[in-house]
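Two complexes, one shared chain (chain A), two partners (chain B, chain C).
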Partner chain A sequence: MDLFASLSTGTGYWNPLAWLLATVVAAVIVYLIWRRGESGYKKGTAQTTPFISGNPEPAKGMVHVRASNLYWGYLDALKGYYDLIVPAHTGVVNDYLLWYLGVTAALIIVVVVFV
Partner chain B sequence: MTLAGTIGSIILWTVLVSLFGLVAGLFLLGIDRKLAAHMQARIGPPLRQPFIDIRKLLVKENIVPENAIPWLFNSAPVIAVVSSLVILLYIPLGSLISPLGMYGDLILVMYLLTIPALAMVAGGFASGSPYATVGAQREMVTMIGYEFPLAIVVIGIAWRLWAAGVAHPFLLSSIAGNPIWGIVGPLGIIGLILLLIVLAVVTPAELSRIPFDTQEAETELAGGLLVEYSGRNLALFSLSTAVKTLVMGALAVAIFFPWNLSSFVAMPAGVAQVADLLFFLAKVVLVMFITVTLVRVGMARFRINQVVTVYWVHFALIGLAGLLLLMADSALGTAAGVL
Partner chain C sequence: MNGFLMTNAPALLIMLPLIGAFVTPFIGRISPRVRSAWVILIMTLTTLTALLLASDVFLNGTQIYVFGAADPDLAIPPDSGGIPIRIIFTVDAMSALMQVIGAITGFAVLLYSISADRIHSGLESFYTLFLLMIAGIMGMVSTGDLFNFFVFLEILSISSAGLIAYRIDGGLAVEAALKYFVLSTIGAMVILIGIGIYYGEYNALNIAVIASRMQFTLLDQIALVLIIAALAMKCGSVPMHFWTPDAYSMAPSSITAMLVVASQASLYGLFRVVFTLYNVTLNAMTVGWIIIILGVLSMVVGVTMAIPQKNVKRLMAYHAISQTGYMLLGVGVGLAVLGNQPLMESFGYIAMEGGIFHIINHAMYKGLLFLTAGAIFFRIGTYNLNKMGGLGHSMKYTMIFFIIGALAIAGIPPLNGFASKLMIYESVFAFNPVLAVIAMVVSILTLASFVKVFHSIFMGPKLPEYETVQEAPVPMLIGMGVLAAIVILFGLFPQSVVNGLIAPAAHALADQSGYIAAVLGGA
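After this line comes the complex of A and B, so read on.
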């Protein structure tokens, strides 16, 4: 069996072993560079507190960025889309079934008329 | 080739290409800084300044914040450089055959391009700093933004090559071996120019450069996801940026400008490889100047919500228009062939 025969999907190629070998070799080179650097620092001093522009550090809970804020930029940029989509998700099964029937009917019309 | 020969060849080429990538990448950053300085009527630092910066960072203290997750905080910069170097192994460098070119294609390169960014996100979240957390969040949002237009470019080029009967259209050696401009007609040329513009706009975001550097944003986030990094860890992130600059330039050259000097001028094989490599580097410098230096000198930073709109609305539509033009070009070409 040829270990370095690439997996092929017909159009795509991917050989995990070749990638892994190259990654290990590159990791050794990068590790050697990293090891050449200074490793020491002054533990337990002001040096190791988070940088908050010189302000005293508030309680951990006060500076924690919550998961709901993670995609703020994304949600804000596509606000027009989400303003339409979010109210449609009512949590009522009857509404979802109605959507299901409506979309299926629309698809059948498209298939019958255009295909 | 025997198994041992294959393994030896991969190891040797990985070492050579990695060293080349680190040195060439740092020089690219030096050229970028010099050109930007001249455009701002400054003399600017010497070309070797990025090397001096790395050497300086390596002797500075490597501070691990008390709130950080040390193993993740320290491993993120290593992963960022390693993954950037490995991508370079899949991309043709001049007329040199890419060492891993036959072991992966453009789809794989697209996936691998996300790893350095994800390493930066992991490092930011592991820093235990609110600035870094916000920076990591912005990096994720930016990544979601630019992946879609980038995918349109890749699919558009590969589809047009497939339509023209090129075997293995996703292989970078196939793409570089069949310059796309010679395959398409006038409509296709317009489509390709649109796709080239989209790739040019994706490049600064991949490199976290102005106007898409919201994740670092010195004036708002004091460095964002890199705010807690110092010493050798920061040196590695700088190296990662250097290698990624070369990678993005090489990718644009391989897809859109794959011509070699030896195709136009007859020369001995050994000289041809060196000349092609120098010509390749000249093309990378030109691509970097237009997509990174010129843009960062002439523009201000986008807000994070503008970044998503720019990519998902404006440049996704421009990319889709380019793709449609390529499809129309192919259909017209086929119709003309039938007639």
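After this line comes the complex of A and C, so read on.
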């Protein structure tokens, strides 16, 4: 068995080791570019503190963007979808059972009637 | 000795965890350290047996084991009238693959659990149920007898329900376990009705015998629906997935990782029924499309429900539903073109291989992700993403393991999730391009969701409330490391995995006549 063989997907091939090699080459190029950059950068000085129009920097805990504040735009854009799908998850076992029995009934109709 | 082991490996695979389970409460009375050593010993032996059996099956073909027979290969006794009257385990490449998944995940989870769950009481019961869960999974994927399948399904459900409720958690865990148990029991009863229909029609419970006599009558059609609907519900397919986020989020993280494998055992049962029991006797296109639609619904609803979640384990549970959709999609496409050899050769087998490859990949990276969530809970005591942040400063190894799992589930190269998803994308595209596009969009949404989780947990400044947080204990890191290593290795050498494990499993699943011949000897 060839350990390094390309993955055959039926219509194409994928070789992760070739990809890895390309990534390493790209990383080396990035590193070489980075080395040509500004060398006067000093950690722990004013260069590394955020500039907030002269205002004092808030406490660390205050600047972390929490999970609820992420993707609000996505959720707002799909509000109609979520208004339908979220309430379906009632947390009530009777509803879970009804969904299961409903799907079973629907499948019986499809398989028995249409097959 | 080796010959004895190989011959009796299918029975040992059940016997070891069963004996281990029933002895654990007594061993536990000696000391916690001895109990841990005992459970690790049992799980190690079970894992070695599974690997040994799998190597034999992949080299020499399907192995059967007849319980109670003079010779374990004697499926049909001379005086039985040509009927296999005993319980028979039929371990083909697909079964062997599932055994390997159960054993490796179980082993890694146990290493993790010894450290993660040590602070809790009642650990004798915990590990007894854990080993019963392993026995249930191994039995489900090994047996060639439908009633026996039902029995192991029940063992798995009962032990899983007990473990989901283990932490009680103000009653929430018990409630989640109750929901799981009610649905599992009703599903199992419905499966039993389906099995009863086969028994009434064909006077047999053995899968090979029923498959050889299958007529696809009206009763067979009803039995088919009863069984696939129940198993689809058990594997968390939309719209029967509602129990999944409740149960996955309330169980201890080590158990959640095992629940993923338990769901996959149900998925295996579903595939076994449609491919081995019915195969081309059913209308493959219609039933294939039913499975495809269940898969697409699972992918889309799973990932979209994951994105707004605030509880990291509920979020991951919805992703587990979404990933199950990929497996259903890949294998469903294979089923839809079953019987059409040119299409099977063109993309059907690749689709099945992609779906089956995704089963093992998912067990590894999703197990890993649940373990990282557990490690975080172990240190900070919450699953609430809104309360997390900056943990990358103090839990660097856990963060690295999380990144590996998150990139794998999102299908980012060169990890294992990418390899199986690529096979699914390309083969499904040949069948229906729209399905492939949906699968790719779902992957993008998965990545978006895990970017949110990564940022919420690990990024940002070190928060004052987590100043003293330390890295997870070493045994937990080892458990995560085992799964992470497999995720990377399967990603770097995918074709070797496909050639060695996946393609034989896919072909064994599609080869109904081979399965029947292995039991009935070509009868």
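Couple of notes before you dig in:
What we mean here is this: the second predicted complex is superposed on the first by the 91 of 115 C-alpha atoms of A that agree within 3 Å, B and C clash if a C-alpha of one lies under 4 Å from a C-alpha of the other, contacts with A are read in each partner's own complex, and residues count from 1 in each chain.
What we mean here is this: a contact is a pair of C-beta atoms (placed from the backbone, for glycine too) under 8 Å apart; a residue touches a chain by one contact, two chains touch by 3 or more.
Keep in mind that this is a model prediction, so the values were computed, not measured.
In the superposition on chain A, A:99 makes contact with chain C only, while chain B stays out of contact range. Of the two partner chains, chain B and chain C are each touched by A:74. Touch criterion met: A:50 reaches chain B, while chain C stays clear of it.
Contacts of A:36 after superposition: chain B is touched, whereas chain C is not reached. Contacts of A:87 after superposition on the shared chain: neither chain B nor chain C is touched. Once the two complexes are laid over each other on the shared chain, residue contacts for A:14 go to chain B and to chain C alike.
Of the two partner chains placed around the shared chain by superposition, chain C is the only one that A:112 touches, whereas chain B remains out of contact. Within chain A, the residues touched by chain B in the first complex and by chain C in the second are 3-4, 6, 11-12, 14, 19, 60, 63-65, 70-71, 74, 78. Of all residues in chain B, those touching chain A in their complex are 3, 6-7, 10-11, 14-15, 18-19, 57-67, 77-78, 81-83, 85-86, 89, 99-100, 102-105, 107-108, 127-131, 133-134, 137-138, 140-141, 144-145, 158, 162, 168-171, 214, 222, 227-228, 231-233, 235-236, 239, 303-309, 312. Interface residues of chain C, counted against chain A in their complex, comprise 178-179, 182-183, 186-187, 190, 218, 221-222, 224-226, 228-230, 232-233, 239-240, 242-243, 245-246, 282-283, 286-287, 290, 301, 304-305, 307-308, 310, 346-347, 350, 385-386, 388-390, 413-414, 418-419, 422-423, 425-427, 429-430, 448, 452-453, 455-456, 459-465, 491-496, 498-500.
Those residues of chain A lying in contact with chain B across their complex are 3-4, 6, 11-15, 18-19, 21-23, 25-27, 29-31, 33-34, 36-42, 44, 47-53, 60, 63-65, 69-74, 76-78.
Within the complex, the chain A residues that touch chain C are 1-12, 14, 16-17, 19-20, 59-61, 63-68, 70-71, 74-75, 78, 81-82, 85-86, 88-89, 91, 93, 95-97, 99-100, 103-104, 107-108, 110-112, 114-115.
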